[in-house]
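Two complexes come next, and they have one chain in common, subunit A, joined by subunit B in the first and subunit C in the second.
On to the complex of A and B.
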């Protein structure tokens, strides 16, 4: 193996930086009760709006400062990560399974199946996604499962459209025709010949969708439509930080940075994974 | 003994009613190479696809019969037809770049069909594949079997595809312009390999090509196709010695010759095309009344 391919296979900095951040954030979320320095819900009005550690007036143990109710910002971010990751994995996976399956069927079988699925996708995409999400959560009621369901219901079309197009172009390839001649069944060909070739795109989209799910959850929290207001989420912390931006900028800035880094990492990680999965690019 | 492949009066139309195959009849005897020659759009690939049951959805067969070793494909249900085609035929495709699944290694890709469709044991399939790779003169089968398609050159991929086509001992192979996508130097080797394997295995081949040079080298019989109609059919030697149809003569005249590289290329003469148009129109006239 030459040097360039070593770099591409193993040591892509994009993969490591993005993966590293995601791993760090994920571990922090999983072990939140063990590593969070403070109770994320504990209020202490004596400690309100403490600045982060490098500024005058910071208290030890409150690394990123506190909000207007004296709650520790770092601990709230760590606990907020739990919601973010649960939503990211559950919602993105559901959207992925639904959208990819329908996209594969539409793209490979074509004809009526394609016409029906494509029309549904067209109608679906006509709704503004954020408004659709707010509407859905309003109907389904707030709560974690509603948020996950809402994101899956809205975003499966992303998978469907891309996978349909990929499956269509693969279905036209001669190797699919050869499989037909050899006597493979249609469903077998779809799963054994076409699916592996669209998988790199599925993986890239899945990771991208996790980032999008994090954003949508944050938006829903921001407008107070996610889960109960007690549990910290990145969106709700941002919403609170917005109110005290002039007195305590850190309450807004740190969750924003966390959110941006996470979303960026998801999309970069997906792209890097795609490059590794794809036998032709590899 | 029945013909390996027999096509009788096959006609096919597009949704707009245009005929793409006009009462095509031809037979390929066991162990024989039948060339199907014509310019692009003449319907030669269409005939191959019809035999293998992979016509595009838009093309509809309206008339005619296809028999593989005496079994009428039209009388079989879809499943039996697939089984028959899968067991007795194979395809050597035109473009080796898209004819192999890019995400699967060559080895599993080649043995899979033998094991899964024909029910061979893994060892038997593996042994068979190695034997065939040897026959197509692949020197390092280990490496090739472990490779992904994109790691092989076009010529190598075509060798793999030829090996795969012969692996299941089909009675009939449809070779759809198997050398067109390759370099001229590689073309010659591939052609020689197909001829060699054909002789060794005694497989009948329906060889689709636009290249009369290839026809002369590989086939015993030729059907010349124009606009989906067989305009001339003959033994290859007889055809080259004395082409009967003006279109065949024009095609031969249009073939560039290495002996005279500075001669300008000759297109098929206008008068020949006009004659063909009349012939096609007459054939359509004769066909339509009976079939509404």
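On to the complex of A and C.
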């Protein structure tokens, strides 16, 4: 049985695994104050660098151990998920709306609109994205909205390039021609006929972009340029873990596993959704 | 035909670079803080401030300011680094070789790993081996270089500490180098002890950069190989008695490589972009690491110098890939 037919029956294991992890992490983030075993900011030097629960010297209630300031790692990971998901949804959606709109215009209308938008994409592609993000956040000022804005400003090109190409090939198809003969206007055709057909690609890219946004936020907090230093973020926990790697490996290992699972899940979830909604594969 | 294509691409490249210059200028000007105030000691008189503003052209209109700035950049005047108090261009060229060496080693690794996996997958198509390669490469390419770097630090820096995870070269070594291309120079000077030390430091960051690209190469090249392997001339080679591996290496590979080559070119710029954070992770003294310091220190002249050099590098790579593609593709060469 090939992948497409598995996906059609809704059995795709990767859709369930990826979706399951994302749902779990999202619920944990939403209900963080209820389920986190400790206060994520509470420092206690008597409890510094406690190992995870299966090792000697672990304290009950500190399941994944503590960092060098005695803060509970599990609680910090759960609270860090809040910022990760806010950034993922807000930044990816903004990048998607901006990029898809420009991509549709460039691909469907062509001509000067396409030339100008494509040149802007070229300019954007000449910047190293991570450096661009760090620079934008430094200029805009640290904080949640700056991080979201920076990611949207940088990553709209991912959507624009793919949607432009798709819209171009759709615009040449017969159904667009028949819609035109039927008397629909150009913008009407673009929104009614072309947009629904590029939607599977948009959805897959959106999910992928959420994973990328989580990583960019982690990188920004890793270099200490994201949200305020008090709030726990996955990147700031990783930065702390990188420093104390020889004394307390768990401070790096658990946020790293969390990030890898989240990024993998976003990309697999996106591809599984695409396989499910793609009219050609279906 | 080729020349025409080259000139068109060159013109597009210049337009792109002009766009980059505009964006950099705008970002630098949005940045809070008066650049003149940063240059003068506290208690400077208003006359002094006005004098300096006029000297730097800051009393002119924003469009005039842009062209004054651009003409300076074109003449190589990138200014003086605020945090390091040295000429920006000198600082950038001092660090660029380290980044270029790292990126090149990573690219070669990605090509080696990706091609091997693709050949292995195409040779055993339809078997569990191919399915395994698909799953591994799919997961590998979804995990970005930043996370690979951290995984490698844990595995080979802490769990089995075999490789160095910090710096470019062991600090106690005496370096007889005249240039910053340490790796190249250590080989040319036959100082293989230094080459080994440099490679030991470079290996982990290079692998972190290489893995996602290797996975992409493996997937795309395997796909093209499988398509080529059904063509008549390949079947003929098989009938002639060549083994499947020989068929792939002698006949299929050179015809399947063209789409991968184009992709590798674009992906190489992404790889270079990745050096910014990977160098930071491994405290590797390259351009990217310096860029992050420059941003943290709000060293605007240094930032703009580094960003412009990266952009120039990216468009040059794209130009080179495009021309290589045109030279290798018979349809374009004779078209």
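Here is the rule we use: the second predicted complex is superposed on the first by the 274 of 282 C-alpha atoms of A that agree within 3 Å, B and C clash if a C-alpha of one lies under 4 Å from a C-alpha of the other, contacts with A are read in each partner's own complex, and residues count from 1 in each chain.
Keep in mind that, in the parts below, a residue touches a chain if its C-beta (ideal position, glycine included) is under 8 Å from a C-beta of that chain, and two chains touch if they have at least 3 such contacts.
Every value quoted in this text rests on a predicted model; they were computed, and no experiment measured them.
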Fit or clash - subunit C, subunit B, common subunit A: fit
Which partner does A:144 contact after superposing on A: first (subunit B), second (subunit C), both, neither? neither
For A:175, decide between first (touching subunit B), second (touching subunit C), both and neither. first
So, A:223: does it touch subunit B (first), subunit C (second), both, or neither? second
Per the contact definition in the header, classify A:260: touching subunit B only (first), subunit C only (second), both, or neither. second
Contacts for A:119 in the overlay, against subunit B (first) and subunit C (second): which applies, first, second, both or neither? second
Taking the superposition on A as described, I'd like to know which of subunit B and subunit C A:69 touches: first, second, both or neither. neither
May I ask for the angle at the C-alpha centre of subunit A between those of subunit B and subunit C, rounded to a multiple of 10 degrees? 90
In whole Å, how close do subunit B and subunit C get at the C-alpha level once superposed? 18
Subunit A - residues contacting subunit B, complex: 110-111, 173-175, 177-178, 180-184, 193, 196-197, 199, 279-280
List of subunit B residues in touch with subunit A within their complex: 52-54, 57, 82-83, 85-87, 89-91, 93-95, 98-104, 113, 116-117, 148, 150
Quick one: in the complex, what on subunit C touches subunit A? 12, 15-17, 19-20, 23, 27, 30-32, 139, 142-144, 146-147, 150-151, 153-154, 157-158, 269, 272-274, 276-277, 280-281, 288, 291-292, 295-296, 298, 303, 306-307, 310-311, 314-315
Show me the residue ranges of subunit A that touch subunit C in the complex, using the header's touch definition. 119-120, 122-123, 125-132, 134-136, 138-139, 141, 211-212, 215, 218-219, 222-225, 238, 242, 245-246, 249, 252-253, 256, 259-260, 263-264, 267-268
